[in-house]
Every structure is written in C-alpha cells, then in structure tokens.
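A short worksheet on the structure shown next.
Labels for the chains are A, B and C, by order of writing; each one numbers its residues from 1.
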Amino acid sequence: MSALPLPPLLDHHCHGVLRTDPTAERFASFLTESDAPPAPGTTFFDTQAGFAVRRWCPPLLGLEPHCPPDAYLARRRELGAAETTRRLLAGSGIGGLLVDTGIPGDLLGPAELAAAAGPGTTAREILRLERLAEHTADRTDDTRAFLDGLAGAVEDGAGTAAGFKSVLAYRHGLDIDPAPPGPAEVRAAAGRWLAGRSPGGRLTDPVLLRHLLWSAVRTGRPLQLHTGFGDPDLTLHHCDPLLLTGFVRATAPTGCPLVLLHCYPYHRQAGYLAHAFPHVHLDMGLALTHTGARATAVLGEMLELAPFGKLLFSTDAYGLPELYVVGAELFRRGLRHVLGAWVAEGVWAAADAQRVAAMIAADNARRVYGPESFG
Amino acid sequence: MSALPLPPLLDHHCHGVLRTDPTAERFASFLTESDAPPAPGTTFFDTQAGFAVRRWCPPLLGLEPHCPPDAYLARRRELGAAETTRRLLAGSGIGGLLVDTGIPGDLLGPAELAAAAGPGTTAREILRLERLAEHTADRTDDTRAFLDGLAGAVEDGAGTAAGFKSVLAYRHGLDIDPAPPGPAEVRAAAGRWLAGRSPGGRLTDPVLLRHLLWSAVRTGRPLQLHTGFGDPDLTLHHCDPLLLTGFVRATAPTGCPLVLLHCYPYHRQAGYLAHAFPHVHLDMGLALTHTGARATAVLGEMLELAPFGKLLFSTDAYGLPELYVVGAELFRRGLRHVLGAWVAEGVWAAADAQRVAAMIAADNARRVYGPESFG
Amino acid sequence: MSALPLPPLLDHHCHGVLRTDPTAERFASFLTESDAPPAPGTTFFDTQAGFAVRRWCPPLLGLEPHCPPDAYLARRRELGAAETTRRLLAGSGIGGLLVDTGIPGDLLGPAELAAAAGPGTTAREILRLERLAEHTADRTDDTRAFLDGLAGAVEDGAGTAAGFKSVLAYRHGLDIDPAPPGPAEVRAAAGRWLAGRSPGGRLTDPVLLRHLLWSAVRTGRPLQLHTGFGDPDLTLHHCDPLLLTGFVRATAPTGCPLVLLHCYPYHRQAGYLAHAFPHVHLDMGLALTHTGARATAVLGEMLELAPFGKLLFSTDAYGLPELYVVGAELFRRGLRHVLGAWVAEGVWAAADAQRVAAMIAADNARRVYGPESFG
C-alpha cells in the first residue's frame, strides 16, 4: 500500500516564497508561527517543522537527509534562491497552486511559482478580502467611492481569481454576528473607518469584516476562512471554527463553498461542520507541516466526521519553497500510512482507498474551485 | 488477543429501525447526522459510516464485504425489510437493548426489535423527557393539569422504563442554571408555554427543561444526556459536556446516575467528569459509528480518565438495522485491538483486560440500569 | 531504539509523600483526582493509574507485576512506609526534584524525599503563591503589614526556592484581567480580604491572585501555573490554558518563564502557547500518570506544536511514592516508543532523537530553572 497511487497534488492554499536567499535567522523564522525570537538556548530548527525540513529537503539539493542546518543553508546559498526554489518546487509533486497573494513582501507571485515548479504546474490567485478593502481605502477616503470600488474589486476578483480568503480570525475573532449588515450600517462603518484611518491602516471593524464575507459569498466563489492556530496576533480560542456556526447556517442557502483553513487543534470541530453542512469543507494544510512526524496522527483525526468529498490538501507554504516539499511529503506519507493500514486490516477496500486518496489529493479541489482554477 | 472473549453486548442507548424498505436516498440519509442533501458531486456513502456499513453488513446478507451500495440495496430489497432486519439484528451479537422511543416515525418498537434479534435478546424503554412533556401538553392546556400529568408520567416512567433521556442539548444547549427551579417558577413557565404553544410545539423553555431534568433525577433512575455532536439543529460548542459541570455538582448528593451520551469531540472532557464525580458515566456510542475505521483510535481516547466501571457500550443505532451491526462490530474490534495491544506489550494483565472488556460490554450497564433492565 | 539512552530524570513538579502507611481506602484515594468515594460497585484501582501502579511498582517491592491490590498493600505494610518509599524512589530513576510544598498534611519534605531517593538525588522547593499569602495573613490582619510581609516572602522565596506555583485555576479560573493591579487596588482588596477572613481562610480574591502572579513574575523565577484537569474543586473549561493568553502576552516582555502544568485535555492548546511565545513552557506530568497505558498516545500529542526546548518532564507525584515510579516509567516508555518509531521509520535521525530525549528528560529543566535548582 506504500504504492497507493496519487495524482499530482492540487494545493488549494499557499503563498509566495522569498525571491532572495534568506539569512539563517530569517530562514528559521519561517519554521514557526511565532513572531518573536526563539527562547534563549533554543532554536526554531528544534521543532517538528524544522526536523521535517531537514528530513525531506536535503535530498532534493543533493545532500543527505537530516543534515545539519548549517550545511543545508550553505548548500542553499551555493545554489542560489532561484535554483533552490526550482529544485524544491519541481520535486514537490504539486501540479496546481491557488496562491493567497495577500501577504506583502518580496515574494514570487503565482505565475513565477508555476514557472519554477515546471511544465504542467498551474497557478491561480486567491484574493484576501481584507487586503482588497485596504487597497481600495488606500486610493480613496470617500465612503461612496470606497464602497463602489470595493464592490467592483470583489466582482472583478470573482471573475479572475479562484476564490476569496478572509482573515477575520486575526482581525476580530470568529465570533461575529452572522447576518449580513444592511447598507446603511455598512456606509456608517465605512465612513467611520475611512475618517480615522492612517495610510496602510488595517481593517478590524466587525461590520466591514462581515460586509466583506457576505460580498464574497454573494459571488458564489469558494470562500476560505482562517480558523485555528496561526501567529500570536490571534487568540486561539476565538478561532474555534464552531464560532462560525451561525455564519455557516446563514450562508447554507447560498450554496457558496466555505473552506475552513488549518483548524488545528479544532480540526474535529471543523470536521463536524463539514459533516453537518453541505457547503463546508475542511483544509488539511499547516497542521501537517507544523506537526511533522505527528502529521500522520493528525491527518487520521481529520478522517473522522468529514465526508471524504469535503477534505482538501494544501501546504499553506509561505516564504520558503521547503514548506511546499514538507507539506506535500507529510500529506502523501500520512495518507498512504492511514489508508494503507485500513486496507491491510481489511476494513477498507483497496479501490475505495485509491478513490478517496485521489479525491483528497486533487479531485475535491477541482470540483470545489472548478476545473478552470487548475487549467 | 483477537480472541478476547466478550459477552453478548448490552446496548444501553439505541432507537427503532424503519419498518419498511427505504429508498436509496433515504437509506443514505441515515448514514449522516446532516439533515440536508449531500454536497453536489458527493454521496453519504463516502463517509466513515458508509464505508463501515459496506464492510460489516454485506456478509450478513450473503454478499461480499465492501460491495457497492447499489448491489447492497438491491439485495436488501430482495430480502425485504423484515428479513433484513432479522438477519442484521441477529448477527449483531447484542443481547439487550434500551430503546429511546422519543423519535417519531414508523419505527419498530422495543418488543419488535427484541423479537427480530431473536431468542435471548431483551428490550426495555428509555423515556425522552421532552417528548413526555410535549405529549402531556398535547392532552391539556391547563397549567395545573399539565404539571400533574407530567409528574405522573415521570413517576409512571420510573416504574416501567429503564431510564430517562434529555435532549436539552438540542433544545437550549447545556449551559443552564444548575439549580432546580422552584414551583412558582415552574408554574409560570408552564403557563406561558401552554398559552403560546401550537399543537405539536417543541419544548424549548429553559425553566421547564430544568424542571424535567430534576423531575427525572428525583426518581433515581439513570438519566441520559445528549452531549457532543448530533444533527445541525444543535450548536456543537454549546454541547460540551463540561457545560453541565454545575448540574453535575448539584446532583451529586442524589447519587442519580448521569450518563453522558456521544460526547465527541468532547469525550475527554466527559471522561474527566466521569473521573471526578461518582455518579457520572460515559457512553461510547455514535462516536464509533460515525468515525468507522477511526473508531479504534477514538475508543482509545475514551479509555483515559474515565474509570473502567463508568464506560458503557451503545450503538445509538437509528433507522437502519445496519447501524446495530456497525456499532457493535466497531466496538468489539476497537476494544480487542486496544486492550489486546496493552496485554501484548505487558502493560495490562490478560485477566484484567478480560474483566474490563466484560465491564464495558455489559456488566457496567447491568449495574447502572439494574439487572431488571436487561431481564 | 528501546535502548534510547536517558539521563536521570529531573522532575520539575512533584509533591511530598505520606510519612505513614495508608489504609487501603486512603491508598486508593491517591489514584484519582476525585475527592469522593468511588461509585458503588467500583474501585479506584480499576483506572489507568491503578493499573499502572500494579504494573510498575510490585517488582520494586519483590512482587510480580499486576499482582492484586490486596497482596500489594500487604507487602507494603510488611516493609513499612519508610522502606517502601526508599525502594520506590530509589527505583524511579529520578535524579532531581522540585517539590511544591503547598499541600498541607503529614508529608515528607524536599530533603527527606532526596534522602529517600538516595545519593545523587537533589531536591529544591517550589513555593505556592496562594499559601504564601495565606500564611502571611495568618500572622497579621493589618493591610500594610500583610502586603509588606507578602512582598518579603516572595522576595525571600525568589532567593531560596527554584520557582513559584499558582493555583489560580482552583481559586478563580484562568480567565483573569491580565494587567497587574495597581497599588491602591491591591491595598483595597487586601483590606477587604483580611477584614472578612476567618483563620485558615483561602484566598480567592481575583485582585490579590493577580497581585501574586505579578509579584512572582517580577522576580524572574519560573512561574508554574496549574491548567487543565485536577480535583473537582475546579471547573475544567475554566482551566483551558488559552484563557491565559492575555496574561501570556502581558508578561512576554519580562521574559519570566511560565510553565503550564498538566494541561490535559487542553495540551494541544498549551502546545500552541509554547509555540507562539518564547517564555511559555509545557509540562507533561499528571496527564501521563492518569492515562496510564494511554500515556504514550498522550505524550505523542504533546510533541506537536511545542518546540522541543519547551517540554518538561514531571511526575506530579503526591502522597504515594508509587506515583514517582509510575510517572517516570510512563514517561520513559512513552518517549522511547514515540521517538523510537520515528527513528525506525527514518523520519527522525537517531542523534536528534537522543538529543531531544535528553532535553525533555533533564536539559530543559536545568536551563529553565537554572543548574543551581538541581545542584
């Protein structure tokens, strides 16, 4: 069953990678969600993500698995950022990317990522709603012009992007009034926000955050929602996906696909929502990368309540091309181990296991986002 | 250790099954707690419960394990509902049933289930408190007559039924005032409810829900409480069994056994309550059926804090006799795997494993509900 | 890999053990966090902790593993409390103890525990903040004298003890205002508390509890915080370590090490805090003892988000020297099993596994508490 065949993976949630070679310190900072230096006497390499990078990436750069961080970084510098990225992306076994372009910085964009990954790999954009609003606000402080501009940006995005993403979790927490705010309420909130906003100011107003969610839902394009763990900017118990239950109920009649990202340690709670509501889907990314050798166990927990047609592979890779490799390897390895054991014990049929593996690896993403999102 | 001997199982929480052969669509609807159609492009057969039915039931109807849904349903139609039910129940290895009769519909009752299961299988009733109140309200809208009638129904039920069940989780959520409401408060609430009630109206008034709980507790008969996941009618984070901590503390002096049903994904939290409070018990049903191939892992998590004398097997089967088979098989298989591994590693003695297995399979239920509940 | 070498363990959180031989009933009461008798028809020996004691302790007293409770207790009486304690502590493989002396009763103190464990074992004290306040209040009811005395006791403690411990979880729950209370607020709260206090009265005032936390944090000594399960005095969902997120953020600039004790069933949530904040650490004690044969699985879950330099072994042993043996055995066994499997599968390098094992077993405690705490 180690030979469980898998198609090229479709990565429905990822980010750009650094254009230039990072220092050792900056490299290590991408191995954690922490925004602080490591504790005195420790290093971010001594984490599951750090060990996973050292296990899976060195061979793609011509080194032995588990080689020391210094040797790995030296080899990386020797090859240069472009060649390193090319080797790692091409070796990841990923055939399609949906790239959240909402993080600023000198990162490769979707087309560059696809080019680096090599022939046959496609890339499309996922639009981060809060950035869309902030970019619009950067161009005008007139309420009507802002709201018209935002509506146009969402409408345009629905035509060009594979879907939308919300970071409500970071900006407010998930415990929101589920109903769409009325036009007058939105105008008043926009007026207040624009009047008090400094250039580059972040959107945290709950009325406008809800307006963004509902604007996206009305387009019918899939809407990704950050839930569960992330950087210390969020408060984890305010990111339990169950706090979205009211929003899930309110959006059910629209049929707009909701994709719950990350979810850990609330992935069983997210699985329940995917079980109970037809339009809810469950992402497997990030949790696998940051749990490393434990990813197989965590992946098993994701295969409980969620129907098999609702589970979506992703890497949530960001900054380092290594995180594409690690996310893909841990996923393939975990899925083969878990499903393989069930086939070996006779509780699943081999043909079912292959079918489910293909669904989670690629078919579900193609169905949810549309084949054009990977074409 | 695959030969860990187990007595016939006592299923302390289950429901009736359909009297007539269901359509394919209706059959599939019993494989999920969702009340909506499957997501476009998916089927409820592609779930852990669906795969478990296809694994364990076909052989009892003369088919190969894992046979396709269509072939299975064709064979089911060929045999007819009565014969299918007879074969499945008789093959489940269950020797005693406590049947929650609170779900309406054309379902087999306790005596019919016992007859279908064959000689030696007994069945007794569990009374759903909210239905008791609603049935009483269907017969009178006079407050005093209603409260007297309800008191009589609970008293009668304590004499005839094996225990009571509350679906407070669905009607209000578990976060209630733990104290028993006073008589005046109950009268006022009953008056309000009866005055505003349409025929068949559901009871959601928190004062009356608490009155029901305390009326049942005062009888001393075991009280089952729905906690954890269920259909989308509930809000899962309002069903964390820990929200009952105040009620558990308040009822501790009565010694009335409380049985926390389902619990997933809060089964560890429920295990803590069973650990800390003598009168709290932990049900293993539903979570096993809906996690299928993962049931062994979930069952392991239930064997942590809860004392071994507090764990109770059930199937929570409803609608399909298949769910009796699946609930029983997954339980036996999981228990044998988990305990067998501990014996093989030398951390448990074989005699202890056998004793604990018999406790969970049957002895605990007999002690908690009384031997007369399975006689 | 069963030969994964481990240094003598440093137990950063434990308690005294009984000076005299307990009755069977009292012995059993230490196998549970419950403060009530066992449920009718059950015994606390039929728990994971009970089975673990019967597995690991009899051989140290010259008996067969798994021997019946009666035989074990008879042998214990035959040897006497002192000799039993000596054999069990010496056999535990623990080389250093940090003893929380905040529980009253006729218990061995740190020096006596070290002497019983034999040459080479050291013991230092952990001061329980709430006891420090209560002891100070036992000597004066004058507000200024109380606050001066308390400040002096904390300052003295920082010089003599290895660290502090808070049981805020029991006294209030973890959901507190994270900011340090101002001097006037503290004076007013102290005045109120002292005026209303009976001799021996417990401290539950949230302002004073916060004052204690911040007094300890200002010393820079490690601060242990009870989180997760414990005796029924606490309400488990008020002990989710995530409720400390505000306090964690507020104390981050101080660098004072925070050590989250126990954590179960919220150990993944605690692991997130250790991942996100440099000064947060994760204890593995108690959860292992009370999950027994499941400790390996629970330990695996602790090895997910928490950086490897943030995990700390402890036994949380209390009352029975058996709990030192069980805590240490379950830890060594679990760690060897989990890390050994990763090495066998090739996902971790053997040298990394040895290094991480030594970190969790002893090196992290030495770094966090200072080498002088184990010297």
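Observations on the structure shown:
We adopt the following convention: contacts are C-beta pairs under 8 Å (C-beta built on N, C-alpha and C of every residue); 3 or more make two chains touch, one makes a residue touch a chain.
What you see is a predicted model; the values in this text were computed from it and never measured.
Rounded to a multiple of 5, the C-alpha superposition of subunit A onto subunit B involves a rotation of 120 degrees.
Although subunit A and subunit C carry the same sequence, what matters here is overlap: shared residue numbers make up under half of all numbers found at their interface. Inter-chain centre distance (subunit A to subunit C, centres taken as mean C-alpha positions): 37 Å. The set of subunit B residues that touch two or more partner chains is empty. Of all the residues in subunit A, the ones that touch subunit B in their complex are 240, 242-243, 245-246, 249, 252, 268-269, 272-273, 275-279, 300-301, 303-305, 307-310, 342, 346-349, 352, 356, 359, 367. If you check the complex, the residues on subunit B that touch subunit A are 32-34, 36-44, 46-48, 51-52, 54-55, 65-66, 229, 231-232, 235-237, 264-265, 290-294, 297-298.
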